[in-house]
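The same chain A turns up in both complexes below, where it pairs with chain B and then with chain C.
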Partner chain A sequence: MTAENAVLIPRRSEVASAFKQQGGLVAAVLPIHYPRALLLAFNILPMEVWGPPRVDVSLGSAHLQPYVCSVVRNALSFILGGGLDVADLIMVPHACDSLQGLGSILLDFLPPKQPVIPFYLPRGGSQQGEVFFAEELRFLYQRLEEIAGISPSNETIMKSIQWEEVADELLARLHKQRGRLQFKDHDFYRLIRTREYLPAEDFIDIAQSIFDADYEGQQEGIPIILSGIVPEPMGLLKTISEFGARVVADDLACCGRRLYPAGRSEDPFFRMAERILGGPPDWCRGSPIQDRLDHLHRMIDATDARGVIFYNVKFCEPELFDLPDLRQGLGDLGVPTVSIEVDISDPLSSQATTRIEAFFEMIR
Partner chain B sequence: MAEVRALGIDVGSTTAKIVGIDDDGRIIWHVLEQADPQVGKQVEKFLELAREVTPILSVPIEGEREIGVPLIATGYGRKLVHQATRTVTEITCHARGVFRELGHGGTLVDIGGQDSKVIGISPKGEVVDFSMNDKCAAGTGRFLENTANRLGVHLDRLGEVTLSTVEEVSISSTCTVFAESEVISLIAHGVATEPILKGLHRSLIKRVVAMIRTVGLRPPLMLSGGVVRNPAIPQILQEETGEEVIIPRHPQLMGALGAALIALELVE
Partner chain C sequence: MSIIDSLLYHWNVNILSHSLLRLNIWLRAEISRASWKSKYLAPPLKISWLNKDLVTRHWLRGHYANQRHKVAWVTSGAPTELLKALDYFIVYPENHAAICGTARVAVDIMSVAEEAGYSQDICSYARTDFGTLLSGKTPVGKLPRPDLLLACTNICQTVLFWYRVLARHFNIPLIVIDTPFVYHSEATEHALQFVLRQLEQAIPVAEQVAGKSLQERKLKEVGRLSKMATELWLEIIERNQHQPAPISVIDQFIQMAPIVEMRGDAETVDFYAAMLKEVDERIANGIGAVKGEKKRLLWDNLPIWYRLRYLAEFLGENGVAIVASTYTNAWGELARYYDVERGLESLALACIYVILNRSTGHKLKTMQRMIEEYHLDGVILHSDRSCKPYSIGQMDQRDRLIREFEKPALLLEADHNDFRCFAEQQVANRLAAFVEMLER
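Moving on to the complex of A and B:
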């Protein structure tokens, strides 16, 4: 059964149009971490931009060095080609140097028609980091006030946070119980990636309907973990299924690395900071490699995964900096790994398919 | 000749190979040819040749697969071999073939016409890690082929000419096309052919060594693939790694042999 048969997955453009028709605004948000709840408290729908794939990259390439990753290249191309005209603002979190560069290009050289808001994440999860981040969120609040023309109360923001916490709890359950759901990997990721653009309430409805269906199956296949940025081209997931394997957990920036825990603070800004900084380890928040390694190891233990596919976007420097140590560390623990590099604009190459196939032959 | 019990075919980008093995996994028959872009036609030809050489051989033909000896296809064109009982990647097949030939694990470097690969093989013959260079010609046989053409040196003499000098110029371009331009520039400045060739070989090997380091060198170091016919390749690889380079008896047939050995398991 496909995701479309099981649940109706709305398209990004439809969701954005519907939200705007009801008087809301839309924010195009670049990867990776940002305060979804704060935007929604302003009645601004965050619409995440992971590339997207399949755009005319010549528009962005004219302004970027050849070694900039395809997520940033495609995003700039998409903006310049009018693909984000629906957005009322563009938010660029400083996840990496390339995204920071994109923010600078948009602010200083190629200003789009919408306001551009850069956004800084603290490196490291210390208490000082939380204080800094809460301040950054307060500053962001002021910028959003100017754009949206409203000033949501702390109570409104807290309500929005609580919706997000419920949605994230259901998202985490979907991740954990994926082996019992009726979705193949490709459909599962289409489903959970709706979190990139659906309001929390809508995502909750969809997730709840899946649990209500009470499907008690057991997916078959060689269990593997996927690590990287984004599962694009999504043909990868079909390839994994065709070779008799299945993804049992992931450490993808757009998915598993954003399973944020519920917050504790009564202050909404601190609570949002706590949640984002309390998520799984990630280079863009300065997590030590050992933390990432321990996290992967815990996932392997919990799922009996037989190996890890590092599925990286070419030229994603921070991801590639960590890669040799992660592979070495997992190798020392006897966990086989393979590294595949892709450009999200290209279809999965036959060479990449051969590597994946060889990896499954190795771990079968 | 003993009876062929299993067949392996390796459809590479530069050459296509078919190997027939006996009950003990020994190569008793093989064909090696330049690869034909029309893979299906070439495979048909190979199978016809197999029928001629071993009359008792009943190779799988369409619709009668069950009565033939098993055929495993590998190589970049493996999916186009419709007569194959199964397809297996060249990583697995090369490891299997070289383990059978040499009887030990280690690190296998296979430099083909259009890709190169490094495979870590356990003492039991299992693949434990691998790396492939498949997006750029700079670490492949094509790199040398292109530049040899530009220098007017026949491929068969490439190694001999390269090793005839102690002098060497550094080639800074890692891209095949740019390296060719660099070679033209060096010739224009009066640099002799031999030192240029030596620099080109070193440039190729340095890229391969980087792949070896990615996988991690597990001695002994083994080498297969078409470029092994060029004696400068193992020598410079040895210089760059400090490891003795072991070459199997049929370096170009390791993929096809591995495929045939996997096919033999189907019989057993």
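Moving on to the complex of A and C:
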């Protein structure tokens, strides 16, 4: 039996309605970092919205210029088209200028039926940042109190954090041991991306069942690393497999950059803050480019990856700023790279496929 | 620096080059005024030559700055008063990029960055800066090498991405002053505290690089001069509430360099005092920036640096003057937050309440207020391809201006520094149709 057969991946819509049937609320959450544990302590299920692909983009295009990325455009289109009607609130973490703009126009010009809650993630990595973020989370607590009508105790929040820490530890193990699991990349990412909408307990069950099944295999294929925001369109992953390669680690904003370490603080708000701010290097927290490069280098060393694919969303400035230095830095270390730009609404273009094929030919 | 070097510096910067430059600039300005032929626009302000002199001298000093000062590269919303008080020579890469844009050499310079892998989709100021870094090309002679970088996220997150690249390139300290975005009407208390604490922590870093301690007296003096210049600037732009408007926003774009670049200097205060005087003279003599002003507009977003003259003339020909702008206003509206006695606290307020750090609704309210105060007939919103923070929200702002305030509003697609994004014919057609609509 393969792991694919062993795991039944629940659909987002089913998970949301089941959660609501049990008396919970649902929060639609935009990228990238947010306090999952806090929402769940309020019995609010976070349902992440990375785009999504395949929506009628004309709705968003009526409010956003053509030079805004497809993640933001699709999200707005989805909201305006009623795709998030199931949600009881919409949370917009601050990540980049475009998400900042989206949060602001939702509040000021296009208020959806649900409350919109923005919050700010501090940059620069100072200790002051952690203090601020803990306060920002307390502030968020008050907003959630108003919406959910309950006031979870510190103990309840701490319990929720502990569940998240276990889930994140298992997630990290899945990432690390992916080579032993009999998952093709496409299925592996479908599996780990359930973390975007499953309650921690359910994710733990699934992850545990995979480890319990005790698969012993070794994936074949040219080992590569994937970097970028989100593996959409997911057709890329199938293309990678078809060309005889496999993703051995990632530096994706929605996946590898959110492998948060366990916290230490006894104060739940500080603990959530230190976890999120202590994650792998990321422009979103203001990490120096060299830290990102060192991180990629460590991943390459640990996995024997032969190259890196930068899979970028068109108009995503934060990624585009780091790209030349990262490519140059990896090139200096003898690691080949390729950069592919996509609109998450479109299928992978034949031009992109050809470039990926040529890249694999080169590193084979 | 040895005595000989010091003398050489003084001779070059303050005596020989400066005198020659001054004479040259003054002569050119006088010739240009005397031969001014536009039937529709008033000649340039007499004070313009002094602006050119200030700016040119700034860059001339920059040429030798590494020998005499510690040099800091800073973002335009950064609290430079701290660095000024520590005697840093300050360079604004954004301003330098704008000079490249106005001189129409920006695209040549930024293409060097593009060849090195920087996408055409990132801010064209940053691309221009990277192009200069990689090629040494600049119309100002030479940019001094920085010893310290200061980036404040109050104008955009982009500057943080940009300055991370600079920090790696130069391998020098980067101070980040992170200013949480103000989504609602007021900043939260913890956000203000966060900014304040970062300012406090920035001081020892800046002191260490400068090799000296910050003197409170010096900081107060710089703060006082900053406030004076900012207040004067605000007074100047508010004079445009008068009809006809004595100066156009295009003039303001050109005259704003010292308030951005040399805030905190005594000569900046003198310059704006003289400018205010000249503006008042124009009002007294009934001189308008556009002869026979018929319609008055608001400009939103950054200037289109490489087409300032074209815009002024195209609109001027039709009796249309751009008299107010959210952009030039941004440097004046913060005057009320500067309070020398409240020190860092007031700097924190001035940092966080920059228009670009506030909501899209706040910007709409600012536009609405300006429409009333300046008696405006319409709005041009420059949809700036590579400045997302200023541009996102404009489509809804335009709709509200039309629907709720019944003001014609035009979304004009271009870019602040990249003329490849400026479709001449399309812009001309859209402007012509807009002017026609204003006349109805």
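Here is the rule we go by: the second predicted complex is superposed on the first by the 360 of 364 C-alpha atoms of A that agree within 3 Å, B and C clash if a C-alpha of one lies under 4 Å from a C-alpha of the other, contacts with A are read in each partner's own complex, and residues count from 1 in each chain.
Simple rule for what comes next: a residue touches a chain if its C-beta (ideal position, glycine included) is under 8 Å from a C-beta of that chain, and two chains touch if they have at least 3 such contacts.
This is a predicted model, so every value here is computed, not measured.
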item	value
First, second, both or neither for A:Glu361, with chain B first and chain C second	first
First (chain B), second (chain C), both or neither touched by A:Cys96	second
Partner chain(s) touched by A:Gln351 [first = chain B, second = chain C, both, neither]	first
Which superposed partner A:Tyr120 touches (first chain B, second chain C, both, neither)	second
Which partner reaches more residues of chain A (counting touched residues only), chain B or chain C	C
Touching partner for A:Leu107 - first (chain B), second (chain C), both, neither	second
Chain B versus chain C as contact partner of A:Gly286, first or second or both or neither	second
Which superposed partner A:Glu136 touches (first chain B, second chain C, both, neither)	second
Contacts of A:Gly235 with chain B and chain C, given as first, second, both or neither	neither
Those residues of chain A which chain B touches in one complex and chain C touches in the other	324
Residue ranges of chain C in contact with chain A within the complex	116-119, 121-123, 126, 153, 156-158, 160-162, 164-165, 167-168, 174, 176, 178, 180-181, 183-184, 188, 190-191, 193-194, 197-198, 201, 359-361, 364, 383, 385-386, 388-389, 391-397, 400, 413
Parts of chain B lying in touch with chain A, wherever the complex brings them together	76, 88-92, 115, 126-130, 132, 134-135, 214, 216
Residues of chain A defined as touching chain C within the complex	62-65, 67-68, 94, 96-98, 100-105, 107-110, 118, 120, 122-124, 126, 128-129, 131-132, 135-136, 139, 283, 286, 288-290, 314-315, 317-318, 320-325, 327-328
Residues on chain A engaged by chain B in the complex (per definition of touch)	324, 331, 336-338, 350-351, 354-355, 357-358, 361-362
